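Below you'll find the structure I mean.
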Amino acid sequence: MSARSEPGSRAPQSRTEAALLEPILSVEDLSVRISGLHILQGVSFTVAPTGVTVLLGRNGVGKTTTLRAIVGLTPPAGEVRGTVRMGAQSLLARPTHRLVRGGLGYVPEDRCVFAGLTVAENLRLAERRGTSPAYDRVFALFPELDRRGRQRAGSLSGGQQQMLAIGRVLLNDNRLLLVDEPTKGLAPKVVTEVAEVLERVAESVPVLLVEQNLAVVRRLARDAVVLAAGKVAWTGDARELLLETALTKSLLGVGSAEVSH
Amino acid sequence: MTLLDITPAPAPTSPRPGRVHRIRPFLPLVALVVLVILPYSTISLPGIFEGPVNSPGTLQLLAICLIFGGLAAGYDLLFGRTGMLSFGHALYFAAGVYGTDILVTRAGLPLWQAALLTITGGTILAALLGAVALRTVGIAFAMVTLAFAQVGAILVARDFGGLTGGEEGLPLDVSGLPAGLVGVTNTVNLYWLALAYLTLVVFVVHRVSGSPTGRVLAGLRDDERRIGVLGLDPYRYKLVAFTLAGGLASTGGVVYVLIVGGASPHITSSELTLSLLVMVVLGGPGTRWGPVLGGVLYMYLDHRLTAFGTSDAVDNLPAVLSHPLSQPLFVLGTVFILAVYFFPGGLTSLAPRLSHLTRSLKPRTPPN
Amino acid sequence: MGTVILLALTGLGLAALYFLVASGLSLVFGLADVLNFAHGLFLGVGAYGTWWAAGNLPGAGPDGFGFVFAVAFGVAAGTLVAILVELVLIRPLYSRTIEQVLVTVGLSLAGVALLQATWGADARPFPRPDWTRQVTGILGAQVPNGGLLLIIAAVLVLGAILAFLRWTRYGLVIRAGVENREMVTALGIDVRKAFTLVFAIGGAAAALAGALGGVYFGTVSPGQGSSLLIFAFIVVVIGGMGSVVGSAYAAVVVGLVQQFVNYYGTSGLGDICVVGLLAVVLLLRPQGIAGKVATA
Amino acid sequence: ATACGSPQDTATGGGDSAAPVKVGLVYSQSGALASYGKQYIEGFKAGLDFATKGTGKVGDRKIELTEVDDAGDPAKAVSAAKDLIGKGTKIIAGSTASGVALQVAPIAAQNKVLFISGPAATDAVTGANKYTFRSGRQSYQDVVTAKSFIGDSAGKKVVVFAQDGAFGDANEAAVKTVIGGAGATVSSVRAPASATEFTPFASQIKAAKPDLLFVAWAGTTAPAMWQSLDQQGVLSSTTVVTGLDIRSSWPTFGAAGTKISFLSHYFDGASDTEASKALKAKVSTIDLFHPDGFAAAQMVVRAVQEGGDDVDKMVTALEDWSFDGVKGKMTIRAADHALLQPMFQAKLTGSGTAFTATAQKSLTGDETAPPAVAMKG
Amino acid sequence: MLATRGLTWRIGEVAIVDSVYLDLAPGEFLGVIGPNGAGKTSLFNLITGLRRATEGRITLDGQDIGALPPHRRARLGLGRTFQASSVFGSLSVRENVRLAVQAHRGGSMALWRRAAADREVAVAADTALDRVGLAHRGTALAGTLAHGEKRKLEIALLLAGEPRVMLLDEPMAGVSAEDVPELVAVIKSLTGDSGRAVLMVEHHMDVILELADRIAVMHHGALLACDTPETVMANPTVQEAYLGESL
């Protein structure tokens, strides 16, 4: 990884500028109930067609639930209302595998590598018909995956599994990536690496990211959506959020000093 | 399904929720009292039972249903509450049936001795085989228990020394039995015996699952490794559950042989274990009343469908329908399949849904 | 010497029958994680399909090409039933193992009863080429041709299934799907199709076993499938779940043990030995002969 | 209508001399033995017609039949019997399966009702108790018929091939007493009833070189068993005797069919009696277990005629009674209620699906009489 | 009190944990860091008995525990949390903790006593829940908790067992920033009372630095260093192999 640009010099389009572009994803009044619990209560936000939009919030506010609702993975006991559009296309009624083939990549929270399959098999599974898989891209990012091709994914360490989970998605070209807490459980060095990877990925593909590590958020995110109690509590420019102590304090419960450790 | 028709329709003037709540803990007791005095009633429920409730045929059918309700509840201690899928539970039931039968008929022991010996023997058998089988987990455990049960089935079928009567079974010699247990007129006593057995099992299972041990069993069901790391020996707890369930099953066998008046080899078959599993799933695993309901319903259908199949109503249907419908097993199988789609989670899942329905039907009364 | 060869070859014939039944079971049970108690039904459909075709379908018959055609019809019927079962009954129930048990048990009861309602409880003579009733002299042993036919069929089926798993992505998809269906979908794969396919193949293997079992037994009867099922389950488990090669090994062991013990030991000992073998294998190696060690 | 009663209430059989007589028929309408059950009930109805001369009445009293399916399960049969007895039924007949017969018989004795067992072949029903009779043949009679195939048994070598379990045990024991008692050396080869591959057993038999092989095998694996015996050359090297099962099973013998000597309980054309003509008129082709039902009906009518509602009188009326049944002259032996009856030797001719049976010889009831046993209850 | 001597775990030729010598003194807080796949979780598995070491010894208070099954080690005072939350999904949060308390109180085999009637257990359980801030979730089924809540429940289960040696496997992973300080406080309080020792794997360096008395660094299964935070952080290999450039 080459020298990294200063946070300020990343030439982000301003939020107003980005808003002029059609959002790649728009979520309107999304409601999710699971076995009687009203988990999301009318969530609306948009994801800009470039860069990283980050979804923030305390444990249990429904970030994962939001991502899963978008890719159509709400458990059978759940009930989803509202609209989710990618471009002109409405997503909610379509089966997950169609959405994914249509270019919606999803990296789940708990990694979900196939424990019984080898690393190579996990990757092979992610190949999509009719496209050539970008193995070099993946192996350049995670040489470990190349080396451990024959190991069962279940015996990988936590961090290695995370690499595999991200690697699987990067094998293909996507129109939008949904990534749920990719740096959870990773060594600091790998966190940096993953952040860099996502940064580079985000140059070509928009990313909707759920992340608890505010350092990563600060580095990557341009737009932020903050959830609280099943509703959107704040949307806006991510750096604005992170720089305003009052805002971070009230929305995320941390002072900005802790943000920039 | 006649049985479903009698589920009470939501009454328009149902008591206030508060009151229901207060009598709720006593409902099982009320049910028990009703069941105890049931034989004093001469109500006829045409279509549901052949004769009046106090006729020997009906009492016999009810007794068998109750036994299997208890058996299923005992099996649920393993399956629904501890998460152990045993495919050999029939063995311990069969040990109860054949043990009593052989000791009474071949060895001429008095019933109480035979019963005591059998229950002790069945429990020890469960403890020994469980001690071996529990070295495995999951499907391997299921198969090892199946293997043991198969050996039992083969031994019964081989009819060593003419002890078991092979495929013909062994009728119970009633000459040494207490007079109150013999003869059609005394069927009511067998019914009460079966009811006592069911009550015993439900009470034991309830107490055990509410006990500290029961809590560990529930934990085992979710994550055995975690139990170990908390400092509890999973093996010991599983063995306790296995032995207890085995003992309850043998006890059921003792009562069953009295009710049916003999042993026949199909009770040793893996199909019986499978039926127990079906009963539990049908009713709702891990629930207090689910397995009992499942067991009772299963046996009721199993016995009554033969009558249904030969009834005029079926005979008068066109052949495409009447042929399959006159096969009891066809109807039974179809009921299972439908049950999965209409009562996912078992029959007991019906109760909350019904009450949900009542609530939504009831006009909202302003709170005061 | 002749006796040993005879016992070995007929034992292999029996093993082949077990394997044919077990292979489909192993696929469905080991790969799709469905404890399919209705497997015996697919067997029955295959057997009755063949029987019916040989008697009623123009072009089909008990001999030569007509027989091949009849078997093909039986296999097609079994496959179709398996597909329908998967689509209608099993599909909504993946990952609800317990309810699957209820449905497949229900299905096996209802299905067998339906066969009985349609064609009666009695065994019917099975149409088969005359040569299958004859014997071939091998090193002084009179080996039944029916058994040899089973051996050949079993080897072909084994090869075909292995090729399917090795050369197509389906094996992978299915293995992954068993672990986490959602995630397979999230990789853009229609996992439902793959599972239907597994059922279809399992059904086809079972139906073939039913048809060839008919040749072997000389009759069809409604309960035939279920009676073979318990040994098939044992074979699958000894071999290791989902390992078709393991099932093949296990079938050979079980077939030979039964045959030799039944000859040299006392009656019934063969079955007890097989069941004992099952217990011993599982206690020593809970994952079966060819199963992989599961790690946390 | 809620009513209260005593928990031990059972209906009492009406002493009314014009009230219908209730007869309960507990047999297999479904399950593996459904076809045996079907023959039994057809035979019973024809027999009832025959014995009541088409009126369905004995004197002024109508015979009222209640049919209950036991599906071959003794537990269901016992429930049904208790139900019937509770409703005042004094006569129960049926029992397609031996297990059912053995478990219903004690119920009859405990409650003092008449029980007439059906096709169940087990010897143990004979002499079971005072209230139990049988309307079919028993295994012992099969074996005596088998013995008739070898003439003088002295010094002959006989092998019994039978399945494990009580049916096999009974046959083996019977062969040992009947043929072994007459001087033959009897040995046995046993196989599990669930066996599917018979070559090892066939080779054992072949190696034993018997003069007579007696096969006692019931169930769906029989065709595979015959094929193995044929393939290993057993059928062509010795006399093989077995019981002739129902017609629908004949084609399953395949090529083996013509090489076997059959003992037969009954087949269409085995006898030419009044009863058989009456039966044939009703069912067109008589099969194995039609005569059992027919005889049961004749016994029921006799019991009601002589005994009215008194079961003990019925028992006396039946004991030592001889009558002309489908098979010929039948006698109920008083000592143990064995039903002495003619048995037949038969041969199958033809091939494929078109076998016909022809009688070779018939044995009288006395010739095939089993030794009397002591009444157990 | 806890010591490993040449602890090694091999799979085939590969040493996943490679001759680890570790000493944990009473009251000590030892942080374990290392790249992903270094063998930290595996080391925990060896110590708690979920895996059997191929070589080496593990002693607790001088007693060799290397041959004991997991539950015996737990009874000797060894407790742990899991990297991937493993809670009893079908039990309520409160039941989860009660079970842990009960295990700690001697693993009663009572079949007839009513568990719910045991006030002491209930009180201890509620205290543990309170400490991790999950008291309000007591009736929820553990399986339906959000990820971060499960992490807290893991710690509550550990607390309930009052172990003397605690092994924490990445307790902070996935915990929202807001809750980190709270949880850090909880963990800090663990060692506050006398004699308890903690071994904690964590990738959040700030948390490690705040809590740990010493830091052990694992790499390729071996112990690279085990020293004071300052020394370890200054170690160039650690910088290069683990920390990388900070964000």
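Which chain is which? They are A, B, C, D and E, in the order written, and residues in each are numbered from 1.
As a convention for this text, a residue touches a chain if its C-beta (ideal position, glycine included) is under 8 Å from a C-beta of that chain, and two chains touch if they have at least 3 such contacts.
As the structure is a computational prediction, the values presented were derived from the model and not from experiment.
Novice: Give me the fewest steps it takes to get from subunit B to subunit E if each step has to go to a chain it touches.
Specialist: 1
Novice: What chains, if any, are shared contacts of subunit A and subunit D?
Specialist: Common neighbours, subunit A/subunit D: C.
Novice: From the C-alpha centres, identify the chain that is farthest from subunit B.
Specialist: For subunit B, the chain whose C-alpha mean is farthest off is A.
Novice: Write down the pair of chains with the top C-beta contact pair count.
Specialist: Result: the chain pair B-D has the most contacts.
Novice: Name the chain whose C-alpha centroid is farthest from the C-alpha centroid of subunit D.
Specialist: A
Novice: Just curious, how far off is subunit B from subunit A if you go by their C-alpha centres, in Å?
Specialist: 51
Novice: How many Å are there between the centre of subunit D and the centre of subunit E, using C-alpha atoms for each centre?
Specialist: 74
Novice: What whole-Å value do you get for the distance between subunit A and subunit C if each is reduced to the mean of its CA atoms?
Specialist: 46
Novice: So the centre of each chain is just the mean of its C-alpha atoms; given that, what is the distance between subunit A and subunit E in Å?
Specialist: The computed centroid separation for subunit A versus subunit E comes out at 29 Å.
Novice: Mark out which residues of subunit A touch at least two other chains, giving numbers and ranges.
Specialist: 155
Novice: I need the residues of subunit B touching at least two other chains; which ones are they?
Specialist: Only 154, 157-158, 225, 326-329 qualify.
Novice: Multi-chain contacts in subunit E: which residues touch at least two other chains?
Specialist: Within subunit E, the residues that touch at least two other chains are 50.
Novice: State which pairs of chains touch, listing all of them.
Specialist: A-C, A-E, B-C, B-D, B-E, C-D
Novice: Please give the residue numbers of subunit E that touch subunit B in the complex, ascending.
Specialist: Within the complex, subunit E contacts subunit B at residues 48-50, 69-72, 74-75, 79-80, 82, 86-91, 95, 98-100, 102-104, 107-116, 118, 157, 161.
Novice: Would you tell me which residues of subunit B are touching subunit E in their complex?
Specialist: Within the complex, subunit B touches subunit E at residues 207-208, 210-216, 218-219, 221-223, 225-234, 236-237, 240, 244, 286.
Novice: So in the complex, which bits of subunit C are touching subunit A?
Specialist: Touching subunit A from subunit C are residues 169, 172-173, 175-176, 178-180, 182-191, 292, 294-296.
Novice: Can you name the residues of subunit A that touch subunit E in the complex?
Specialist: 4, 34-35, 37, 57-61, 64, 109-110, 144, 155-160, 162-163, 181, 184-193, 195, 212, 214-216, 218-219, 252-254, 258, 261
Novice: Any idea which subunit E residues touch subunit A in the complex?
Specialist: Of all residues in subunit E, those touching subunit A are 11, 33-41, 83-84, 144-149, 151, 170, 173-180, 203, 205-206, 241-247.
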